[in-house]
Structure formats: C-alpha cells, structure tokens
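These notes concern the structure reproduced below.
Chain lettering (A, B, C and D) follows the sequence in which the chains are written, and residue indices restart at 1 in each chain.
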Amino acid sequence: MSKPTDLGLPTRLFSHEHRVHFGDSDAARIVYTPRFLEYAMEALEIFMADIIGFDWYHMNVAHGFGTPFVKVEMEMLAPLRPGDRVCVHVFVDKVGNSSLHFSTRGLRHDGELCFSTRFVCVVADQDAGKSIPIPAPMRARLDAYRSLCLEYAS
Amino acid sequence: MSKPTDLGLPTRLFSHEHRVHFGDSDAARIVYTPRFLEYAMEALEIFMADIIGFDWYHMNVAHGFGTPFVKVEMEMLAPLRPGDRVCVHVFVDKVGNSSLHFSTRGLRHDGELCFSTRFVCVVADQDAGKSIPIPAPMRARLDAYRSLCLEYAS
Amino acid sequence: MSKPTDLGLPTRLFSHEHRVHFGDSDAARIVYTPRFLEYAMEALEIFMADIIGFDWYHMNVAHGFGTPFVKVEMEMLAPLRPGDRVCVHVFVDKVGNSSLHFSTRGLRHDGELCFSTRFVCVVADQDAGKSIPIPAPMRARLDAYRSLCLEYAS
Amino acid sequence: MSKPTDLGLPTRLFSHEHRVHFGDSDAARIVYTPRFLEYAMEALEIFMADIIGFDWYHMNVAHGFGTPFVKVEMEMLAPLRPGDRVCVHVFVDKVGNSSLHFSTRGLRHDGELCFSTRFVCVVADQDAGKSIPIPAPMRARLDAYRSLCLEYAS
C-alpha cells in the first residue's frame, strides 16, 4: 500500500466547513433533517474531488461511471441553526472490490458533535447499471487515506 | 388498545404517491440520494397530518413541541428518474414513551422496490429541548395504525 | 393554427396542485422564497410533459436538446405555509422562433393569489450550446394552448 | 449619511464565493434554474449578517420581524456546472421607507457573468404581517454600503 506522501496526499484528515443557511431551517427553527445528509454528501463530494482526484461530475459525464449510494445511516445528536458553522470530517472505513464505505462526523464550532453518517457506495458503469472494480488510482488513494484514518483513530 | 375503526382510522395502510421531478435528478441522470430521504419524509409528514391528526407545522408553531429525527437508515435498491412515480408506504414499527419508530418503502410504478427507510423521532418540547411523553391522542392513533401494520405483515 | 381539439389538447387551462411541505418553510415559518420558483417550475414541467408531450428528461437524455431558462420574474403577493395547497396555473404567452414565454399564477385554496411568475426559455442543442428552432410538433401544441389562454383571457 | 468607515464598514464591495455541487445539477448536466436563486439569496443572507449586522435568523426568531421577498428578477447568461466556483457580488440599489432593493451578479471563475438578479424585500412585522420602517441602524449601514456601490459604479 502506498503511503499518503507518495501520492501527494495531505498528511491530515480532511474536513469541510459549512455555514448553515436560513433556507436550511424549517418552521421548527432548526435545520430540516435531509439537510444534514446534504452537508455530509457535499463534504464527501469535495473529498472525492480534491483529495482522491475523482470528481463525481467528470466521472459521470466524461467517463461513464459513477458511485451510486446504496446505503445511508445517519444520527442526529444536536440541532443546527442558521449561522452555525459545522465542520464535516470525512473518513474512509473500507475499500471493497466495488464498494466504498465512508463515514462523516459533523462538529459544530463549539465542538459539539451534531451528526454522524455512514455511507456505502458502489462504483458502477452507468449504461450497464452494473458494479465495476474500483479503478486502480482511486483505490490507491482511498487506501492511503484510510491508513491515515486508522493512524488517527489509534 | 383502540381498534382503527373506533378512531375513524382508515382500514388500509397509508401510502403517498410522488411524481419525480427533473430538478430531483443530477448529472448522473438519476435522482440525487438526499431526495429519497425527502420523499420518505414528505410521505411521513402527510401520514402524521392526515392519518394521525398531528401536523408538524401546527405542533411546532401553535403547540411548542415537535418530533425531531434522531436516526435515519436508508437503503437504495433501484434508481429513480424524472417522470417516475414512486409510491411511498408508511409503517409504524414501535411507539415508545417519547420515541416513534417508523419505516417506509418506496415502490416504483412497475412494482420495483426503490428504497426503504427506518426513522426514529423523539417527541420533544421545543423550548426546553427535552423529550416529553407522547400525547395520549397521538399515541392512541399510532398504536391503532401499528396494529393495522402488524395485521398486514402477518 | 391547429385548434386545441385537433391535437387532442384538453379544452381547459392546465393547473397543478401542490401541497406545501414542512421542509419548504424556514425559520420565519413561511415558505422560503426559492421554493415558489420550484413550485412554478414543477407545474411547468408537468405541463410540458402531459399537455405538450415533451418531457424535459427525455428531451435532454434521449434527444440532446433542452429548454434552458434565460429569464425569470417572480412576484410574491401572499405567504404560503406548510399544509397549504397552492394551485399553479400555467399560461403560454408567446412562442418565438426558439424562445418560449410562459407565465404562472399560484392560487392558495382560499382563492388568494400568492405568486405569479414569468419565464423565458430557449430551445437549445445541448452539445452545441446553441438555440435551435422549436420542433414543429412542440410549436403546434404550444400555439394551440396559447390560443386557449387568449380565449380565457378575453 | 455616514461614510462607510464611520460604521466600521469594509471599504470594498462584498462578494461571496460558492462552489457548485453535484446535487445542484440536473439531468441536463447543468445547474437547475432555482439553484441560481438560492446562490444569490445565500450571498445576500451573508451580506446582511456579516456586513449589515442583521442576520435573518435572529431578526425573525428573537426580534419578530423579517424581510420577506416580494419581487425577484433573474437572468441566466451562462450555465454553471458542478465544480465551478461562482463569485456572487451584492449591491444595494435603493433603500426605501420599508423596502430594500438589492441586486447580485454571479461571475464564474473565468470571469464570465453567469447570472444577475434584482430583489425587492420589505421589512415587516411577523405577527402583524405588515411592513414597518427600516430600523435606523440597518438603514445607516445599508445607505453607507449603497454609497460605496455608487462610487464603484461611477
């Protein structure tokens, strides 16, 4: 397995800060549940583009494959409100043959854990609608990042 | 436990049909994952308003309590595309002291199961930010509907 | 110009009813402004698919052309709240060479006009990114519907 | 009229950069029209909070007044795609008794103007549902910013 530095990977875990908008709240005056999922997926999208080097748009439009999500688990532990900043940390949990297992943790600026998610995606050929093996360069970088996650966890 | 008919409950399971819109799709030309969660939650919202008699808006705005979601699980089994109709069936799985356990199943018009979800909500006082016992009339109707779910399952 | 009945067009103006959802509201406890635009566009999408016979998805995915929006005007005259039903009426105002001019009016169930919009779209080849003449069958039906609008207006 | 510096206002025009997300695109593989309105409103929200010092959430929740939008005009001049960065510039056009007139211009990173909007909002008491005079400190800062806009325009 390559080490992060061999691939030009950052030596720190990735996180993405999101500013919560007024339009994300609902009449209960807290963020509407599906927006938590959007925050987590936007962080994952940026992680895939900027850290792993595979952005969802070009994968789909230029290369004909994508990573459809097959499973989502999400826990909401504290509410978010417009004006809050939430920092979404992204982790790679497992790299299968075609499947990718991610998790995220969303921390509010006061340090409180607001939500956590787990995702399973499958790398799939778009036209055939069938799973395909993870491309080697994607796997190399995901594996490298996963080793970084393990280091931090230990 | 009251029987459904005592409370004026319908004697059929509730489902809500949703027409998939163009704006729900993404550049992969299938529905973007968080929209599945929105479909499930909209069906649940209508179920709570029309069948259980507690609509989220009035609960929050007039009565000062709500049902924040604390857990979501979602599986996507088949893609949806603009123009598809998906029929979302709502089930009550468990009625705790303060917690409500729901599930949904989204079936495409050709009968294919596209997604399923499980939700846990907690009835909570908005200002105190604390869970409260489920109001008795809400409980009675949820219990009655749950017995209907069990009948159909058996 | 064909008369509506020659083309199997309905002899009534088209409208689409939308039930306002909790997630459409914001912390001001009324519907967030961009949702009005979504309601109007969803009505227009259904009008184009069901009445004119050109659905945006197949136009784009199978036929390589679309109707990108170049201009939107929207007035909000009364608020909407979760649980409200709004009936969106669609009008064809002008059929140019490549351009389509629509308007919508959103009426709440108590009859109050909540919003009105005006749209300009351009029929465009997707790859070339250039406007193309409106396909003849689309034009015929749009013209027929426009004559119906004029009748009602007079 | 106060000069910008008297109020601690920045001496530069405000702009907010937005990264276009995958979920903002549709099956035409460009950004879905209502998302342009969301981008413009998010920039306006941040401008009001960070530059003018009145954030929509606290205005509504703590102070019982808001700025409902009564008019929107939007022109789309070039498409946006996931991964694009769009820089949204905010202008104050007119400060009435109760009404606020804003405009925005969204520039893609290659400098191309993608969209422009014009907005009219009304400062309104939430419970009474009636317009109220713009609070003096809000007016002072809006006027100061408007003078800055005029300087840049000349």
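Everything below uses one rule, namely that a residue touches a chain if its C-beta (ideal position, glycine included) is under 8 Å from a C-beta of that chain, and two chains touch if they have at least 3 such contacts.
Computed from a predicted structure; not experimentally measured.
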Cα-superposition angle relating the copies chain D and chain B, to nearest 5°: 180
Of all other chains, the one whose Cα centre sits farthest from chain B: D
Listed pair (A-C, B-D or A-B) duplicating the C-D contact set, over half by residue number: A-B
Fraction-based call for chain B against chain A, same above half, different below: same
For chain B paired with chain D, centre-to-centre distance based on mean C-alpha positions, whole Å: 36
Whole-Å gap between the CA centroids of chain A and chain D: 30
Set of chain B residues in contact with two or more other chains: 22-23, 25, 27, 29, 34, 38, 41, 56-57, 61, 81-82
Residue ranges of chain C touching chain A (in the complex, touch as defined): 22-23, 25-27, 29, 32, 34, 81-82
Footprint of chain D on chain C - complex, ascending: 27-30, 33-34, 37-38, 41, 56-57, 60-61, 66, 68-77, 79, 126, 129
Residue numbers on chain A that touch chain D, as the complex places them: 19, 21-23, 25, 29, 38, 41-42, 45-46, 49, 55-58, 61, 81-83
